[in-house]
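The structures come next, written out as structure tokens.
Below, chain A partners chain B and then partners chain C, in two separate complexes.
So, the complex of A and B:
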């Protein structure tokens, strides 16, 4: 029982990270309709930027988080500039752009940050006991930051004018244009927000895992799985799927095999696609 | 009728030219040393993969991201049966293709009902799943170290070693020509017209009575067979396979080959394969930056030559024709 709860808690923490990445991806997808296979690379970059700030400039985690998120926003802005040039063309053009980005970002960070694994200093390693669960402060920070970020995103989309405009663009781009919403600008903000969230996930997890230039590949797979399971374009769906995937992965890894921990996720993805292609919370989109 | 026989003649001449190139090129390259002969073999294998992928991606318009995983299935199949049962390469070659088709058919039955992005995502799930199988099914695949000491091919008592580059080049080129021939025949048939109709507008194709699912399945199965065969070629030539041989980068390269060469054209993928294999080799002079530069090249190619090399050539030709027309006027 204790093992189960421990696995559940670990799954919840990693689920938070998946959640942030998937929300970032679904924000971008719902407005731009692109398969951004380079998405995980921004997770990797978030972690590396945090590491770089702490190791070379100031030994302050929160500053590192702030800089990583800002850098994510800037990278998102630049990425959108490239993607928008092939907007509306076939799926494969966008795919090719993401392929180019993967090559540039992965090999670029290998040149800048080195090919060996790095890890961000853990400023908050104190282990606490909450109920049955032993958990360190960094993990609590991940959970807290994720809850705040999700709440922020949901409130933004629900109540602010720009959030509503973005939802309108996602729902019907042309219709939104008719009422005076600039779709290009909405894509830009979606990219800035989406990539910033992904970079946040990277810098949050960096103190607990070792960074490698290739870690993004796996995260891209995870993020796509989550948004399909949750229903493409649904932020709440992506969040729930993120938690679910994290928990299933950890429990499967604890009881069966860590090497196969991702297998149930991909099987689940295929299943959802066959049985309910629109995902658990998805709506038909034009 | 006259027109048709003219076209057939033209095509036969192209095939003869292709065979001539396939015979002469290895002999010329051999003079420059074993390294470039190795590159030539790689180009051949990539060209087989890209040509077969083009059938489903270029002609049918389905973003099949599982191709390299099925290539891996072929490679592992031939390696495993050659090591365990000592089966000759000439028998493992078609078996690898058939096993890939068997697994690919199951995938196709599940995913080909999906469209666009959803199909692409389902295929990518399969890609991730297979890479996990290659790495973790240690008893069968040898895990992360992979399969070592895969027996060489042989004819009678004559063994074709890895260093016999010319013979290997001929084997690979023969399979490549066969692939091009089969894709050509499929495309210029009733099936091919159905596939192109699906690419242009799937709903419309369906409404005119085309069983889109089964036509997509035919394209998928044909493409998968050659993916499996090229896997067997690679495994036997290389003598070993590891999961790293079938990573996401390889899959990117094949798609890039199709795209840069020209999707939905017969020779585009071959030209693309030459570019994606050769360009990184040439860029090696830039040291560690070569993959970054290659990435920039791919983005530039997508933005400025969306129809690939073949598209550029066609455009240039049209321009030339127009200029000549003007000159006549």
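So, the complex of A and C:
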């Protein structure tokens, strides 16, 4: 029982990270229908920016988080500008841009931050015992930040004018344009918000695991899996899928083999595609 | 030109630029260091190096390449080397072996560029060797699996192989009342990094432990880029072996195991392969003080990272360290390559000099003549140890000192070491060792690493 609860707790923390990345990707994909293969690289950059701030400027983790999120937003703005040049015109060009971004960001990070693994100092290493679970404060911060981020995103989309406009654009881009919503602006905000969330995930996880320019590779695949499982366009669906994938991965790795820890994620994906092709909370869109 | 045609042209141009950027930044091309000035009299000698300068092996490959570059620049600045009356300056051809699937292609490129000696470390040893042996290019490796050396292999030479994990470490373990480094053992665990020499070390280690009557209660393999060990630590805690062999030698990312064990308040008595001591301080930052108490091997090439200054006389003698040469190396690294001081750098620094030594000694650039010199018993006294190769299997006598890592500073990665023992192989088989035990650890009396060290844990 103790083992199961510890595995559940560890999976929940990883699930939080998947959740943030998946929500970010959902925001972008639902509005622009762009397959951004470089999404995981922004997670990597968030971690590196946090490391860079702490190691070279000021030893303040929260300032590093703020700068990483702001930088993520700026990068999102710039990335949208790149994609918007060919948006809706040439699928192959968008695909090539996406792949090109992966290589540029990975190799650029390697040049700027170096190829060796880096470690962001953990300012919150204190370990607490909560029942059967031993968990350090940094992991609790990840859980807390994720809950706040999910709540913030849901409230934003439900109650704000901008959020409603973005939902309308995601539902029907042309229809939204007819009522005066500028789709290009919505795309820009989707990218800003989506990449900022992903960068937040990176800087939150960086104190726990070492950084390498290639750590984003796998996460793009995980994020796409989560948004398909959760349902394209569904923020809540992406969040639930993120948690589910993290928990299942960790429990499977604990009880069977860490070498096969990723297998359940794909089994889950196949099951969802067979039973509910639009995803758990997905809806048909125009 | 119509608007539509213009837009098509712009799109095509944009796509072409993106493709060009893809190719330029792909990071898999060779680069040639401009060390060789090729002045009037001196000819060029092409030296190749395939080292992982990206990916999880970069913590070894980056400083290793820097070590080779330092040696090349020093040799060329001194006027180069002379063979058969002809002066030569070295041109170093570098290939980033960060992608294991491209290492053989790199070897092909370097052979085609005329590199008759290639320094190497990676995970595709056999594939690279399949290129270099027929081409009669000498392949010099720091850590290699047993499959690449032995009978019939003419041009491949290495320092260590999986015998370190499958012969040395089992020899250091014994049951209750033994006279080896660790005693009181009944159960063992092994966590293996899925990397060439580690994979080969695992079965030999397990077999040796079983032959000694130890029960293997934990046996897992993880990928080199693994960072999340929550499942592994949970299983390890449940199995709770008397001692854990952390069979990892290549990747720094797997060192994330240590802080995660500390988080779970689990400090098993642990010994390691070559993960910590031969790497720069940045790598110990990843392991954090959670690695305190781990016993690691320290070979001849592991001394530059501050260890050399601490090395006691008996350990220095065992490793064959020439401390005067070590001083000039560390000074050179500090000035030329600040922040990259590490044992990996020293190893490839010494490799480069050793190759030049043998070419001059053989008075020939012919690979067969160089190989004959290398197996003649001739010794090159490097900054980090004695470099010579056994004729029988082209391996080096890897003299080992074991040190307990202590007091890792989580912010700087600095640490102190307690040297507790070591050994020298008796012959080329590595199956028998002469070893010295300075501090014995009874794992039944000391169940936790935290009790072995006198510093508070984070």
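Please note the rule applied: the second predicted complex is superposed on the first by the 283 of 286 C-alpha atoms of A that agree within 3 Å, B and C clash if a C-alpha of one lies under 4 Å from a C-alpha of the other, contacts with A are read in each partner's own complex, and residues count from 1 in each chain.
Basically, a residue touches a chain if its C-beta (ideal position, glycine included) is under 8 Å from a C-beta of that chain, and two chains touch if they have at least 3 such contacts.
All figures in this text were calculated on a predicted structure; none of them were measured in a lab.
Peer 1: For A:179 in the superposed arrangement: first (chain B), second (chain C), both or neither?
Peer 2: neither
Peer 1: According to the stated criteria, A:277 is in contact with first (chain B), second (chain C), both, or neither; which is it?
Peer 2: After superposing on A, A:277 lies in contact with chain B but is clear of chain C.
Peer 1: For A:35, decide between first (touching chain B), second (touching chain C), both and neither.
Peer 2: A:35: touches chain B, not chain C.
Peer 1: Applying the document's definition of touch, where does A:269 land relative to chain B and chain C: first, second, both, or neither?
Peer 2: first
Peer 1: Just to be sure I read the superposition right, which of the two partners does A:95 touch: chain B = first, chain C = second, or both, or neither?
Peer 2: It touches chain B, and chain C stays clear.
Peer 1: Quick one: classify A:136 as touching chain B (first), chain C (second), both or neither.
Peer 2: Second partner only.
Peer 1: Quick one: is A:221 in contact with chain B, with chain C, with both, or with neither? Answer first, second, both or neither.
Peer 2: So A:221 only meets chain B here.
Peer 1: First (chain B), second (chain C), both or neither: which does A:3 touch?
Peer 2: The second partner, chain C, only.
Peer 1: Could you say whether A:117 touches chain B, chain C, both of them, or neither, answering first, second, both or neither?
Peer 2: In the superposition, A:117 touches chain C alone.
Peer 1: From the superposed pair, tell me which chain A residues show up as contacts to chain B and also as contacts to chain C.
Peer 2: 85-86, 89-90, 92-93, 96-97, 99-100, 103-104, 107-108, 110, 257, 259
Peer 1: Under the touch definition given earlier, write down the residues of chain B that touch chain A in their complex.
Peer 2: Going by the criterion above, the answer is residues 57, 61, 63, 110-111, 113-114, 116-118, 120-122, 124-126, 128-129, 132, 135-136, 248-249, 252, 255-256, 259, 263, 288-289, 291-292, 294-299, 301-303, 306.
Peer 1: Given the complex with chain A, which residues does chain C contribute to the contact?
Peer 2: 11, 14-15, 18-19, 21-22, 25-27, 53-56, 58-59, 61-62, 98, 220-223, 225-228, 230-232, 234-235, 238, 252-253, 255-256, 259, 263-265, 280, 282-283, 285-286, 288, 410-411, 458
Peer 1: Quick check: in the complex, which residue numbers of chain A touch chain C?
Peer 2: 3, 6-7, 10-11, 14, 85-86, 89-90, 92-93, 96-97, 99-100, 103-104, 107-108, 110, 114-119, 121-122, 125, 127, 134-136, 208-210, 212-215, 250, 253-254, 257-259, 261
Peer 1: Touching residues of chain A toward chain B in the complex: what are they?
Peer 2: On the chain A side, the touching residues are 33, 35, 82, 85-86, 89-93, 95-97, 99-104, 106-108, 110-111, 217, 221, 224-225, 228, 232, 257, 259-260, 262-263, 266-267, 269-270, 273-274, 277.
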